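Across the two complexes that follow, chain A remains constant while its partner is chain B and subsequently chain C.
Right, the complex of A and B next:
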């Protein structure tokens, strides 16, 4: 039987039962659209987590002195050769920053807190959250700037303000403690208060002078493409022999675990929705095909082969699925676009922060996800229609006509 | 079946059925008994029998209902159980069920914002029937040094015995023992490593006392703890309560009282009760500002009222406090936990909604087919005098039966399963376990059944199924017997 005729027959059959097929389409569209939307939201969440992990002074990959992670002090530092970048193929890095990060105690007139004092090169910090952070006061001028940037939350705890002085105590490279006064250049407003309380920034050269060293404790890099991570890691491991080269998944195992967890969540969500949909589909297809036993028997009596009948039925439900899935994907996409501004979760800011997410959740649709959802839905539809079609064909034409 | 309606008199014995099931007056089947309409038993039996005229379809529809009900039932029981264990794990570790602090200490943790006369208050709290134990804590920031190395540490003074009963984190002392004497201390393992201090080593602690003077302690390390929470392990130093109070110039003063109650879930009520009964009377209320349109008018303290209240205050002879004391339950102490639970609730609510909608659509389809297929039959029923409302009622009854089948199926399959897993717990994967500690998740999930869990899914599905049957059956009202009988 020619395909054209089959298509015609299927198309007409769909139009014949508008109400029933409309209902099935509606169920399909709701299910597919919600899977697409939810998938987009979870992907958005996932990207937030990765971004936040990379942004928080981690970068995609970091070079550290061995043992620094256990005992983060100025003794565990390394000298950075001027030509270190020659080891990497050009064009891989979006940016890099060398930092000197040490534990310190800050003291104001009103309070004392333990923090991590980070010597940075202000221009290079475009790779971290410092690059586009909201500031009150001034940003650091250059690497030799001996003023400090303090988080807003920490400034509140210390009851201090821009222009005031803080005393910072930390350990020098010789193991003796150093104490110096720093003027506050500006207060920064990070996404979460945990960051604001933890980090105090100053110029890296100023800090090196205070501690009596020329070395840095970390070299952080951000790549254009995360997929190039293994390549970059290998090159770095070769040129920084004896140092630790770690990517963000190793440095932030919690964020990496959440990333995996989000993948599992997407999978479970998809499974559940498809399960619900499968019931709906089977239900509709089985009843609609069983109702047409007589009609299909007639076709066979007229000489249509069993195979062709099955093909016609499967084609019919595939067409229906195609329309429904397409409409569902479009609706899901539209919903995701409507949420383009993001869902404001700031009501749950601390909870969101503990998940490593941003306060505004923006859906992200990946083409491969949408294609996968659409393809699996279609496969499900065809599978659900095969069984009833096969059952119908097994009924003898004479018997079928007698019903 | 139609025959049954033809000679109804003998069977219509029991009472009236609800509204829709009335026979038309003045039609063929009118009789003395017809006024009462068919009894529920009969209508139910007819609906039940109708269902089995198409077994496959009935089971498919019931299967859909069972799927949705079962899925929601299971996820909800997991959620409820998960939240309960999450709350219990989180509070039992460090935060406690209820914390009492001065309001200004909560706002900005200044060392001098202490609870005064802590011992009598602690006694009064422990006398409360709901409170199992109240553990006092003093928190101070200090500089800990070994030789030339110094680190900023969070000094925590605790009453070891009470602390151990209130929370569990002291169990995480991995080496050595708890500090008991005034010159002993327990350090986080990474902190000790950073300082270069081992068991038996000396650590000098310097801080600012309450009056601004220098507070100094020299302590010997008697134990190391490893809580698994990096922030705590890297900065916490544990010393006996009296030692910190002495060194930092505090009298009978503490920063927090950490309470353990019988049940974490009910700690909100306990906090409220404590605030109303015990803590508010202890606080001198601030003089009220007179209500005046002029903002700069000098405040006139309403002497009578606040003096009166102070006299009333101080139950059990506890002296009044300088600042306002506030009891907060875990919702306020651990806002990130409350919020993550809320977020999770919203997320799953969305999921349940979608499941119900999708399954309901498929049930609608079943009933569309039911109604269209039986046009002739309905025409016949109309012709012999059954009112459209009564036929619609019958369809609704059929829907009810489908619902019963589906819910029954779901319950039969899932309630034993949930009961079994509730007893043994579902182990989480190893990947999750690393996360578990930081996110306050236990390493096993125990689903929990409650009345709310058992009723929510079936009731939502009931509404869905009845609506699904109602929408297509509206057609029955427009049915004229003659044309209906002619349809094939």
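Right, the complex of A and C next:
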């Protein structure tokens, strides 16, 4: 039996029950659109997490003194040789920053908070979020600038402002506490309030002087290409023997883990939505077959082969699926476009940021993801039609006609 | 220090006078003004003596509750102090020790001595309106501030100095200013803490001044939060002895634990 005829038959069958198939289609469109959109959001979240993990003073790769991660402090620091970059092939690094990062307590007239005090070289911080952060007041002028940059959220908690003095207490290299007043040069607006609450910045040389050291606690690097990470890590491990060389996945294991979970989440969402739908589709097909037992028996009696009957049912299912998936992808794409500005999650900012995401979630649609979703949906459609088709093959023309 | 406060003091500062203190009567003969650093140092020492022992009643007052307790305290020089609760029974035995720049607390219920991290120093002490810093950092005014004798006035026939203290630029001080009112017999009448917008935040004031243990002192003092109504802590000195012999062992963590009886 020619394909054209089968197609015609299938098309007619679909059109015969517009309401039933229309509802089926609607369910399909919604399901596919939701999978496409969800996929876009999760991809957006993943990119956010990766960007933020790298931006958050981590960089792609970092050199730390052993033990610093378990017990950060000025004692776990190292001296940075002036020629350390000779170990790396030129052109690999987009930028680098050496910092002195220590736990500290900041005190204002009205509050006390624990923070990380980070001594930075202002120019070098182009590698982190500080490079293009929004500021009220002034940025640090140079590495010797003894003023501080405070996050806006922290300033709100401490009820302080640009130009005021905060007292900072931390531990010097000799283990004794150091305290001093620092003027606030500016307030920075990071993407997340968690960052704003966690980090207070000052000039690295000013901080070294206060703590009585010439060392730094970390060297953070940003690469042009993440794919060159293993090469850079190996070179660094060789030249910084005795120090820890760690990439962002090791430094931010929760972000790396979320990355993997997000992949799984996309897949699970797809399975749940489309799985439920497959049973709906199967049900629709069986219903339409049960209605047409006489008709199908007649076709068989007229000499239509079992193969062709099966093909007709599968075609019918595939047609439905094709229309549904196409419309669903379009709808999902439209929804993603509508959300192009991003979903403002700032209401739940604290929770969201604890996962290393930004407060605004922008969906990202990858062509290969959409193609995969469409293809898998069609496969599922065919799979869903197998059982109904098997039922059709079992119809005995004599019995069917006798009804 | 006494000589600085002698009767030769002229009241040339009356030109600086404003409403805070009744203006001093103008005096014709100009004479040097007292050194504010000397005034403050004398007041700090006066209040504490070389050594001291005091018994106090403390009232923590809040809009919806109040709590009374009794304490005793020993001090030596500018750096050593031991404070112990004696009542109510629930708190009795809780103690705070300061030795040099370090502080410890002891709670009998836990039977543990805890060294106070510096980060806690600005926190409330024993739930009162005093911070650990208020108790321990009395010399800060001499070390970290620029002192200005802002005004000389007269109250009830005694000379009163208003000293404005502005923190030095990198001083570990959160206040914008402190304002002391000192009577010429070294009695601290009030101490007001201003935030960096120069709004008064809290004030320590002497409500009742009379002789105790051979010295004129504020026997009832109150620390109030000025931005929260009805938040204050009052301390009443019931008994005070100055310049007595105290053993070295008193200001040790062992003594902190063993009841402050000198170990």
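Quick notes on this one:
Following the convention adopted for this analysis, the second predicted complex is superposed on the first by the 264 of 403 C-alpha atoms of A that agree within 3 Å, B and C clash if a C-alpha of one lies under 4 Å from a C-alpha of the other, contacts with A are read in each partner's own complex, and residues count from 1 in each chain.
Please note the rule applied: a contact is a pair of C-beta atoms (placed from the backbone, for glycine too) under 8 Å apart; a residue touches a chain by one contact, two chains touch by 3 or more.
What you see is a predicted model, and the numbers here were worked out from it, not measured in a lab.
Between chain B and chain C, more residues of chain A are touched by B. Once chain A of one complex is fitted onto chain A of the other, the partner contacts of A:318 are absent, as it touches neither chain B nor chain C.
Residue contacts after overlaying the shared chain place A:27 against chain B, while chain C stays out of touching range. Contact with chain B, but none with chain C, is seen for A:272 once the two complexes are overlaid on the shared chain. By the touch criterion defined above, A:182 reaches chain C but does not reach chain B. In the superposition on chain A, contact is made by A:254 with chain B only, not with chain C. Once chain A of one complex is fitted onto chain A of the other, the partner contacts of A:169 extend to both chain B and chain C. In the superposed model, A:231 makes contact with neither chain B nor chain C. Of the two partner chains placed by the overlay, chain B and chain C both lie in contact with A:105. Of the two partner chains placed by the overlay, neither chain B nor chain C lies in contact with A:239. Applying the stated touch rule to the two superposed structures, the overlap between the chain B and chain C interfaces on chain A comprises residues 105, 110, 112, 114, 169, 177. Per the touch definition, chain B reaches chain A in the complex via residues 54, 56-57, 60-61, 63-64, 67-68, 71, 108-110, 141-143, 145, 148-154, 190, 193-194, 207-208, 235, 335-343, 350-351, 354-355, 357-359, 361-366, 368-369, 373, 431-432, 434-435, 438-439. The touching residues of chain C, when paired with chain A in their complex, are 118-119, 122-123, 167-176, 193, 195-196, 201. Residues 19-20, 23-24, 26-27, 30-31, 34, 38, 70-73, 103-105, 110-115, 156-157, 159, 169, 171, 175-177, 253-254, 257-258, 260-261, 269, 272-273, 275-277, 279-284, 286-288, 290-291, 345, 347-355 of chain A touch chain B in their complex.
Note for the complex: chain A touches chain C at residues 105, 107-110, 112, 114, 146, 160, 164-169, 177, 179-183.
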